[in-house]
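The structure is given below, and queries will be raised subsequently.
By written order: A, B and C. Residues from 1 in each chain.
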Amino acid sequence: MTVAAEKQPAVDRDVCIEVSNVTLRFGGVTSLADAGLSLRRGEVLAVIGPNGAGKTSLFNCLTGVYRPQEGNVLYRSRGGREVSLLDRKPHQICRLGVARTFQNIRLFAALTAFENVKIGAEIRQRTGPIGAMLGMPWVRRAERVSDEHAHDLLAFVGVQHRSNIIASALAYGEQRRLEIARALATDPEVLLLDEPAAGTNPAEKRDLESLINRINKELGVTVLLIEHDMRLVMSVAMNVVVLNFGRVIASGTPAEVQGDPAVVEAYLGTPADGGDGDAAPR
Amino acid sequence: MTTLSAVARRARWWNHARVRRIGAYVFAGIVVALVTGPGGSEGHYSNGLRHGLLAPRVIPFIVGGLVVWAAVELGGRQLYRVRPLVTTVVSGSQRRWQSPVVRLVSYGLLLVVAIVYPMHISEFWRVVAANEIAIYVLLAIGLNVVIGFAGLLDLGYIAFFAIGAYATAYFTGRLPIHAPFTLNPFLVIPLAIGLALISGVILGFPTLRLRGDYLAIVTLGFGEIVYEFAKNQQGITTGSAGVFNIPHFSIHLLDINYDWGLPSLPYYYVSLGFIVVVMFLFSRLENSRVGRAWTAIREDEVAAAATGVATLKYKLMAFAIGASTSGLAGVLFASKVGSITPDAFTLQYSILVLVLVIFGGMGSIAGVALGAAVLTWLPELLRTHVNPQNRFIYFGMLIIIMMIFRPQGLLPSRRRAREIRFAEAGLEGADALGPTPGSGLTS
Amino acid sequence: MCFTQSFWALLVSGIENGSIYALVALGYTLVYGVLHLINFAHSEVFMSGAFGGLFVVDAVVGGPPSSGLSSAGLIALGTIAGAFFGAVAAFVLERVAYRPLRRRNAPPLAFLISAIGASFFLYNLAGKEFGTNPISVPQIYDEHPWFHLFGAPVLNTYVIIVVVALTMLVALDRVITRTRLGRGIRAVAQDAETASLLGVDIDRVIVTTFVLGGLLGGAGGFLYGMAINVSFNMGFIPGLKAFTAAVLGGIGNVRGAVVGGFLLGIVESLGVSCVSSSWQNTIAFSVLVVVLMFRPTGILGERLGRAA
C-alpha cells in the first residue's frame, strides 16, 4: 500500500483528497480495481458511471466503512495536515472534515429535523456526561452554540419551517436536504454526496443544483458528488470522473467526458453492463 | 407463499383463523392452570404436574380459555368501538403531560406521597420499601440507561450490584481479606461507584464492538463469572456462606451523630434521596449531547458514525453509567440488609431488573421508576395468595406478553415508542442490533 | 497439574461431552441461520427434552433391565421421547415468543427480550413443577467399560451417546443438503425476502427449523440427563457451552456447529484437568469471550447457506 503511495509524485497542495490505486474485493468480486482520483480544494467533482460501477464502494472506502485491499487514500486538511483515511473509523474521518450523505437517506427517523442537525453540530464539542448531568454553564453555552448552528443550517438548506417535525414525516426532497444539513453541521471541508438527486422531482432538482453551488461557493466546501442525473452533473460539476467495472475510464471537464467514446460505450455498450444494483454488498 | 396447496389449506374450516385461535386460548388456559397450580418440590418430581393438570383442576381453566375466546371473538368488535375513546383519553393526557407545569406538579405530588406515605405504614411494608422497592427502582433506573438510552442488552447487570455489595463488605472489614483501612458504608459509596464503573469499562471496552446479541451473551457470561467467583472463592468472599454484620450507615460530623441502625424508614429516605438525585441527573443527561448521541446510535449506528458520533465511546459511557448506578444500589443494599450471599446475584436477578425496565417502558425514566416500584410491590401485596417464589414465573410471562402487545412499556418515552413504530414500519432500527429478524435478512 | 488422568481417558470423555454440545449447538445455529438471532430459550428446550424423556422412561420401566435388547429399546425410547418433547417445546416457543413479533416486524431487541422471557418462564416453571433437586433417570442399562482405548476404559454410556448423536447429526446433514425442506432452510438463510418471493413459505421454514433444532436439543437433553441427572437448571450451562461451540464453528454453519461442539468438548476436558474444576465454567466463558472477540465468524465461517 505504502509503495503505491510513494510512487505518486509530490502532488500540488491544492489537492485535498488523493485516491490512488485503490482495489477493493468482496470474495471473488472486484468492486474497485486500481481506481484513483484527486479532488482539488474548492472544486465540485462528480463521479459518474453505470450501476455497479463501484461509485458507492469508493465513497465507502473514503469514509472508513470498507477497507480496500490495496491502494491509499490521502487527505490533506486546510491546516496542511496530511493523513491516510484508510486506518480510520467513520467517526474519525467525519471529524477530520470529510462528511457524507447516503444514497438511501439515513436520517435519525424518530428525531426532529432540528435534532438531526444538532447531533451533527455538536460532535466537536467537549462537554461530557458529568457536566451535562450537573447542568454546568459551559454546557449550556455549548448547547446554545449548537442550537444556533443547527438553525442556521436548516435555514441554509431551506427546511427551517419544518425544524420541529419528525424527520421521517418530511417530504422526500426535504429529507435529502436535511441529510445534507446534518452533514454540513459537522463543519466539513469536503462533502461527499451520494446521489442527492435520486428520487427528487424536477423542481427539487433545480433547488438542489443551487444548493450544491451555494455549499461550494458560500461555505467554501469541496464537493465530491455521485450522480446519475447528467443535467445536474453538467451544471454543477467542474470536473467529472467516470467509473466502470471499478476502473476509472475517463476524467476531465464535463464537456470532455461527454464526448469520450469509452464513456459512451460504458453507458450504451453491451446490455449486460448495467444489470446489477450499485455494488454495495454488505 | 401462496402456493395452491396453501390456498387449499386455508379453505378448510379448521384452518379458519378464528377456529385456530381456540387452540391458543385452551393452551393459555392450561398454562395458567400449571402456573397457578401446586408445586412439586416435595415427594415425587411428577407431583407438581400431576396435581396441576388433574382433570377437576384443569377443566375450569380450559373452559375459562374457551370463554375468553368466545368473548374476544364474538364480543371483540365492541372493544373496537371503545378504542377511539381510549385513544382520545390517552392522547389527551399525553398532551397535558407534555406541559412542564403539569409534569412538575405531578412529580412533586408523587414525591410528597413517597415521603409521607411510608410514615404511616407497618414495619413490614417499610422493610419492603427500603430493602426491595427502593433498591430495585435504583437498579432499574441504571439499567434503563444501558438498554433504554443506548439500546444495549446487558444480562450481567447484577454483577455490578454484587461488586458494590462486596466492596461494602470489603471496605468495612467484613471479608476474609482485609482492606488497608475500614470505612463507614457512606464513604464506601464513591469507592463502590468507581469500582463498578471501572469494571463496566473493563468489561465493555473489548465487548461493546460486538453485535447486540453477542453482547448479551458475553455480559451474561460476565455475570456468571462474578457469581461463581463470589460463590467459590471462600478465601476471598467467604463463598456461599455469605457475609454478615455489615455495618449500618452513620454520620459523625462535628455535633451531628446519627446512626441508621435497624429501622427501615431512615434507610428508605436515604435511598429515596439517591433515587431522586439520580433521576434528575439522568433526565438531564437524556436531553444532552450525550443522550442525543445515544439516540442516534440506537436508531442508525452507521449514520451516527458517519455524522461523527464516536459510537464505541458513547456505548461505553452508557455501560459505565449503568454499572455505577448498580454499584451504588449494591452499597445501599449491603448496608441496609447487613448480610449478603452470592445467591442474590444470579442471572435471575439480572433478568428481573430487565423485566422492571421493560414493564415501565424502556427509555422513560419516570415510567421505569414507577414500573419497577409497582412490580416489586405487587408480589409482596399478593404474598398470601401467591408464593413470592413464583413471581419469576409470572414475570417471564409478563415479558413475553409485553413484547407481543406493548413493547414500548406502560409509560413509554415518546421517542422510544415512535422508534418502535417506525421499526415495525420498516423505517429504522430501535436498538443497536441491526435489521429485523426474518425479513430481508441479508440485504 | 495437567493430565493427571490419562490423555486418552480425557479425550474419550471430551468426545462424549462434545457430541452433546454438537447436538445442542445445532439448535442455535439453525435458528440463527434463518432468523439471525440467538435463541436464548434453547437451553430450556434442552431441559424440556430431558424431562420428557425422563417421564416416558419412568412410566415404562418397571425394574432393573432384563436384557441388553430391552436396554437398547429403552434408550431409544427415551431419546425419541426427549426429541419429541424438545420439538414440542421449540414449536410452542416459536409460536408464542417469536411469531407474533415477526408478524409485527418488531425490532431485534424485542425478539431477544421475548426469548429471554420465555427462557425465564420455562426455567422457573420447571423449578416449581419438578422441584429444585436433581433427579436421576432410572437405571436402564448396566454401566460398565465396554472396551479399552490405549488403556483408557470406554464406558458403554459414552459409546451410546456418541453413536446416537452421530446418527442424528448425519441425519440432519442429509436433511439440510438433500431434501426440499433443507433447500427451503438454506434459501431463507441466504435471503429471506427473495426466498419468499420465489414461493418459499417462510413461516413454515422457520417453524420447521425450530422443530429440527428442538428434536436434536431434546434428544441431547435426554442423553445428558441419562449420563448425569435431570434438573430444572440443567440447561443453563450446557446451553451456554453449546452456544460457544456454535460460535466457535461459525454460527449459522451446520457442519461448523458439529466441529465446534467436538472441539469444545475435547478442549474443555483436557483443559479442566489442568486447573481446579471450580473454574470450569469460568474457563468456558472465557473461551467464549475470546472467540467472540477475535474470531466472531468462527472456524468455518458464518452462513447456513454456505454450509452445505
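Heads up, the rule we're going with is that contacts are C-beta pairs under 8 Å (C-beta built on N, C-alpha and C of every residue); 3 or more make two chains touch, one makes a residue touch a chain.
This is a predicted model, so every value here is computed, not measured.
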Among line, ring, star, complete and other, the chain touch graph is line
Greatest number of touching C-beta pairs links chains B-C
Top of the farthest list for subunit B, CA-centroid basis, is A
So, in whole Å, the Cα centroid of subunit A is separated from that of subunit B by 42
Rounded to the nearest Å, the gap between Cα centres of subunit A and subunit C is 48
The distance between the C-alpha centres of subunit B and subunit C, rounded to whole Å, is 29
Among subunit C residues, those touching two or more other chains are none
Note: subunit B residues in touch with at least two other chains are 419, 442-443
Residues of subunit A that touch two or more other chains sit at none
Within their complex, subunit B touches subunit A through residues 281-282, 284-285, 288-293, 295-296, 299-300, 302-311, 317, 321, 415, 418-419, 422, 427-428, 442-443
Seen from subunit B, its contact residues with subunit C in the complex are 1-3, 6, 27, 34-35, 39-42, 45-46, 48-49, 52, 147, 151, 153, 155, 206-207, 209-214, 216-218, 220-222, 224-225, 228-229, 232, 347-348, 351, 354-355, 358, 389-390, 392-393, 395-400, 403-404, 407, 419-420, 423-426, 429-431, 433-443
The answer for subunit A against subunit B in the complex is residues 63, 65, 89-91, 94-95, 99-100, 102, 106-111, 115, 118-120, 122-125, 127-129, 132-135, 139, 142-143, 146, 166, 168, 182-183, 186, 282
The residues of subunit C that touch subunit B in their complex are 34-38, 40, 55, 58, 92, 96-97, 100-102, 104-114, 116-125, 128-133, 135, 188-193, 196, 199-202, 206, 236, 240, 243, 247, 278, 281-282, 285-286, 288-289, 292-293, 296
